[in-house]
Amino acid sequence: MRILALLLMLCCGGAAMAQGTLRIGIGDDPDALDPTLNRAASGRQPLTAVCDKLFDVTTELKLEHQLVTAHEIAADGLSVTLKLREGVRFHDGERFDAEAVAFNLNRHLTMQGSLRRTELGALAGTEVVDPHTIRLLLKSPQAYLLLINLAERAGMMVSPKAARDAGERFALHPVCAGAFRFVERVPQGRIVVQRFDGYWNRANIHLDRVEYLPISDSTVRLAGLRSGELQIAERLSPTDLPQLRGDTRVTSVATPDLGFHSIRFNMANGPRQRIFGGDIRIRQAVELAIDRRAMVQALFEDQYTAGNQFVGPESAYYDKAHPVPARNVPRARALLREAGQPNLTFTLLVPSERERQEAAQMVQAMLAEAGITMKLETQDNTSLLASSQRGQFDAVFSFWSGRPHPDGNSYSHFACAGPLNDSRYCNPELDALLTRGREATDEAERVRVYQQANALLVRNVPHVVVWHRRTFTGISKRLAGFTPHPDSTIRLVGLRLN
Amino acid sequence: MRFLLFLGQRLALTVPTLLMLSVLVFALQHLLPGDPALALAGEDMDPDVVAEIRHRYGFDLPIWHQYWNWLLAALQGDLGMSLRNSMSVVQLLLGKLGITLQLAVASMVLALVIGIPLGVLAAARPGSFASLAASGFALSGISVPHFWLGIMLVLAFSVNLNWFPSSGYTPFAEDPGRWAMGLVLPAFVLGTGIAGVLMRHTRSAMLQALGSDYIRTARAKGLREQRVVLKHALRNALVPVVTLGAIEFGQLLSGAVLTEQIFSIPGFGKLLVDGVLYRDYAVVQGLVLVSALLFIAASLVADILYFVINPRLRS
Amino acid sequence: MSAPLLSVRGLRKEFAVGGLFSGGRGRVVAVDDVSFDLEAGETLGLVGESGCGKSTTGRLILRLVEPTAGSVRLRGQELSGLKPHAMISHRRDMQLIFQDPYSSLNPSMMVREIIGEPLQVHGVDTTPGIDRRVAELLALVGLGPQHMRRFPHEFSGGQRQRIGIARALALEPRLIICDEPVSALDVSVQAQTLNLLRRLQAQTGVGLLFISHDLMAVRYIAQRVAVMYLGRLVETAPTTVLFDAPLHPYTRALLDAVPAPEHGAAPRPLLEGELPSPLAPPSGCHFHPRCPFATARCAAEAPAVVEAAPGHGVACHHATTLPAWPGLSPALTHPVEPRLARLLARFHA
Amino acid sequence: MASAALAGTLQPAADGRLRRVLRRLRRQPASLVAGGIILAFIIIALAAPWVAPQDPLASSFLQVRKPPSAAHWLGTDEVGRDVFSRLIWGARTSMLAGLIPVLVALSISLPLGLLSGYGGGWIDMVLMRVVDAMLAIPFLIIAIALAAFLGPDIWNAMLAIGIAALPIFVRLARAAAMSVRAEDYVEATRSIGSSPLRIAVRHILPNMLPPLLVQTSVMAASAIIAEASLSFLGLGQQPPAPSWGSMLNAAQRHMAAAPWMAIAPGCAIFLLVISLNLFGDGLRDALDPKRG
């Protein structure tokens, strides 16, 4: 066995690795590589390399231009005029112009199975002004929200010719205007992209080739990084970080995540609302029995952030008047007694994913100290989605990946008609706030509105936010120019391998 | 002639088996809880999109109707489209088949190279230390949980010693060295189990062969022991072992589920687990059908081998 | 004259063969136009090489195997064609004793259940009644009531065969078919068992069809002997006639091949040439390829059974023209093999 | 527990036979050691409340993933529970996981095998097609799909494993029925005029058991591994209750940082399974009529 290994290592050493190839270990195998149909967060990584967007967001979550060079929001807020970058070509040589933008936005809106419609909900239509100018027409004055969404997959531009030719099969070979062109994909194996020499920002691209390798286990990704197989390993588990100490070849960088983990109560969805749908004191008791800080410390090496609102405590939209409450078991017991439920028993629906499984067991132990019996029911993700939508839960341990605009973290989840509002929590006051947030173009106004929304949710406790993740990216010290991004998508511009 | 007839009979029997199988799989996965359309609708889960997806993939039809549609397409060689990444299932499977075959062949070679010599050794010197050690190895091979062995090997050889890549698969054309290194650990994990089975069967077949009349005759003729064991006994003992090997190989093609999962090898097994978890019906259905076909083909090969090797049946 | 106990006429059995490797359907005629009678209290020996169809004949009579054609009458009552439920009432009149005393007793049943089962099935008696009857039967075959609660594996081969005989006697049958009942036993036990059968026959008047390839055992127990070759009866005669003046060349060959007892166990090869495959039996007289007297006629035409003397039937074209039979080898002139004879004498006493 | 059941079932059939088997087993020291280990596991599983030094469910937020120490012989797990105590309690699950699927498979496959092997005809034909179809899908896949369908729960997992093992058991039962059918004592009872039902129940069924029982210990070994695999995938034992497989599932994420979480349960599974296999080998040899 050992001799065999040695022999193989010898021949392995002989094959030199291609210069300038960056190998990135990603956590999941992406689904369809089509900006219109892509679903999972993992797809954003290769798509970002292949497809440039109209806008981008900075690491401070500010809007910045990418394929757009200037934008202007009309006074009534019902239209936006975009100036497009000139001289940009798609990988198939087609020209990027206003017609192409119109085609793309229309494709997002009309293609069967499009997953971008919600993000473009405010868009009524487009108007080509000249080859490099396009005007977006809006249904309601939600211009800022729309532009932020165009900094995501909804703003990715594909070649109209390639899209027309390939139809539904476009995802098998995406053609865009990004810095890298798609080469090949081995499903569950890897995705390979190659530098596009016709890229408008060619001067800042220093890599020849990038490979994305889906490796589901964080420890294994880390091992790959340390052995030099990978130069970037995304989403390392905080519990693996201690291994990096003392390793001179690799390091890790962290950035707060935009999302949140929370325990959502069934407020009004079907017969199982009866435990948490009524008395607020019961929900408060559950919240007070949980020690978020102890949990973050024990489970995540104190690397995540304890939280209680739909944005993290470092966000401007966070309401500092309602900080994370301390654990208070006697108070929790008292509340339960007052509510006439001294022996509260309920079931928490948990996905089979390990992080939440561990946390659920810890919550279970914490609640037990307050006299609450929490049973655990595990379901795989697909079953869990169906169960939560049908209201087959008392409480569910959910996770939201987060969006740059706070609307993405709130409206769908808590508005009465929100598609993700499986709790069926409904509060007209909150609906009014969230609508105002959508229409606010002014940053100060947005801050005020979303702080109020957060305060309201904290008081009503339709869910208990537990923590906000931080994204840990492991990088080889050979890699220069890497900046972690809060949307956890790796930007390849400016990266260099030494 | 008789052989062809036998082959025809066997082939005819596979048709109802496959049909039964496709019904079983179809029924089973449509009984799975969870709504694939919800999983497909993305994080935002727009209800219109969900309905659109249901309609597009025919999930709104009665189940027998869905089966009929699937069967009609399957008869024309179309196994549908993966819900998850829009690839044609046939293409997806063809892409994976190569990888799974490589792993299966590597494991099988390892199993044969380890299992048969150990079995011969154990039979030739019964009661010796070498024989005991070989039996112990075989027993361990069939008793160890493969997924655990995989984890332990990754821990020892990849994470700590950094001898082997811990996961992933590299195509041969791209980097033969990496390709080989990547297959060593998973092939070892899968190979030990089969080696154990082969070793035990080789040993018992050898013991039987060594006790038979023609071996006594061979020995009486004064042939050297080594020649008796290797030339005469082994040749006869190999008949059942080879057929068993073919069947084990058939099971390898689809049976490496957890091993592929642990080593992140993009073969049939990983495709299947992901397919079940994401309710990717077309992929699961197609995959089970193809691996069943492969299994049936392997057992057919086993029968043919049995027929070819065994001179008593040929006459 | 009343009908004989058992009357078999034109019995025939074809088996369809067609396995995976045979490549197509074939037919084997295992039993071909077999006819004979058996009287109450009489023992008919049925002899022949293994595979000649004698065991099948026994099972055809019992309807354990469905005959293709022919008639079986028990005390004049036609059995063939009877529906299974109509057959049941006749089953108590006919019983079977097996060759292998090991596989013929259910290992998971106690002796009491094994012997009592026929009684139970035919609703003969209640539990105490069955127990009493089983004890009687055990005593009849030389075993004691203490054996009732034991399992078959606790007994020796001879004892097991006694249990099998007791089971066969349980319903007081008129006819017992003994299928090689002693060939699996040690010589000394063989003698005991043969004597037991003889004694029981004397006591009960049961008719025995004694199927065996052991000519000496048949000579000891049977009054008449039928010789079978490849599914056909070739010669039927009273025992003394058959052993003194056999007419069929095959019978003569069989008698020639009986091992001289002084030379012990291994019998010599029976005949020149192999036993032909029943799948493709020789034309005409099945025996002609191995027969020293065969002529062209033998290959062309199957001989019919003719009565050479009253009660002596033979199926051979040349039965009347064959040279005289030189007689048994001197060592065998004694009706029973000497060692067996000594043993038998001891048990008679 | 499997071997206890085994001995229990053999008892009424033939205590003389059992004694002979035990006598032959005694001549195989390896099988005896294996039997001893199985017995030890059974005792540990039964006595878990008294043997386990700590509460297997009590977590301590300050003692998460601590390496083995005097207080925690095998370290602590991801939520600060004592791995050693969980290992002891987990023995219960694994023992049941070896026993229940085998019982499920036996109780379904015996009548089916009887129907198919003794009854024959079109039932046999149809049943064998289904069995062939199921055999063409790997055992674990059927178990995964069934467990996913029934929902993640340890009892469901055991049921799923039992059903997944059915095709093999039905094949064995059918073969056993066919070989028993050819025995003389079946012909004997037919010649008496016994009804087919009586033949099936009194003669064939009881004698199908011994050859199947020889397989049970090997089958139990496979079932234990299957339970561990399902729990490893999150489809078996649900938290916080321990099973060796679910402990491995929890350990996988902390493989590098806390290897003790994976090593202990893996070794326990290995030890139990190898003992069952060894014991099964010994039992087979002891029951083999061809050997003295």
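We just call them A, B, C and D in the order they show up, numbering each chain from 1.
As a convention for this text, a residue touches a chain if its C-beta (ideal position, glycine included) is under 8 Å from a C-beta of that chain, and two chains touch if they have at least 3 such contacts.
Keep in mind the model is a prediction, meaning the values are calculated, not measured.
Engineer: Identify the chains in contact with chain A as well as chain D, in label order.
Structural biologist: B
Engineer: Which chain has its C-alpha centroid farthest away from the centroid of chain A?
Structural biologist: So the chain farthest away from chain A turns out to be C.
Engineer: Which pairing of chains gives the most C-beta pairs in contact?
Structural biologist: Per chain pair, the contact count peaks at A-B.
Engineer: Could you tell me the distance, in whole angstrom, between the mean C-alpha positions of chain C and chain D?
Structural biologist: Here chain C and chain D have centroids separated by 49 Å.
Engineer: Compute the distance, rounded to whole Å, between the mean C-alpha positions of chain B and chain C.
Structural biologist: About 54 Å, centre to centre.
Engineer: Between chain A and chain B, tell me the centre distance in angstrom, where each centre is the average of that chain's C-alpha atoms.
Structural biologist: One centre to the other, that is 38 Å.
Engineer: How far is the middle of chain A from the middle of chain C, if each middle is the mean of its Cα atoms, in Å?
Structural biologist: Here the centre of chain C sits 88 Å away from the centre of chain A.
Engineer: If a residue has to touch 2 or more other chains to count, which residues of chain D qualify?
Structural biologist: Residues 148, 151, 233, 252, 255-256 of chain D touch two or more partner chains.
Engineer: Out of chain A, which residues touch more than one other chain, so two or more?
Structural biologist: 217, 219, 223, 379-380, 383
Engineer: Which chain C residues reach two or more other chains?
Structural biologist: Residues of chain C touching two or more partner chains: there are none.
Engineer: Which bits of chain C are touching chain D when the two form their complex?
Structural biologist: Touch list, chain C to chain D: 59, 62, 64, 87-88, 91-92, 94-96, 98-100, 103-109, 114, 117-118, 121-122, 151, 153-154, 164, 167, 171.
Engineer: Could you please specify the touching residues of chain D with respect to chain C in the complex?
Structural biologist: Touch list, chain D to chain C: 13-14, 16-17, 183-185, 187-195, 198, 202-203, 206-207.
Engineer: So in the complex, which bits of chain B are touching chain D?
Structural biologist: Per the touch definition, chain B meets chain D at residues 13, 16-18, 20-21, 24-25, 28-29, 31-33, 139-140, 142-145, 147-148, 151-152, 154-155, 159, 251, 254-255, 257-258, 272-273, 276, 288, 291-292, 295-296.
Engineer: Taking the complex as given, what residues does chain D use to touch chain A?
Structural biologist: Within the complex, chain D touches chain A at residues 57-59, 61-62, 64-65, 78-80, 148, 151-152, 233-235, 238-240, 249-250, 252-257.
Engineer: Can you list the residues on chain A that touch chain D in the complex?
Structural biologist: 217-219, 222-223, 237, 239-240, 242-243, 291, 294-295, 297-299, 352, 354-355, 357-358, 360-362, 364-365, 376-380, 383
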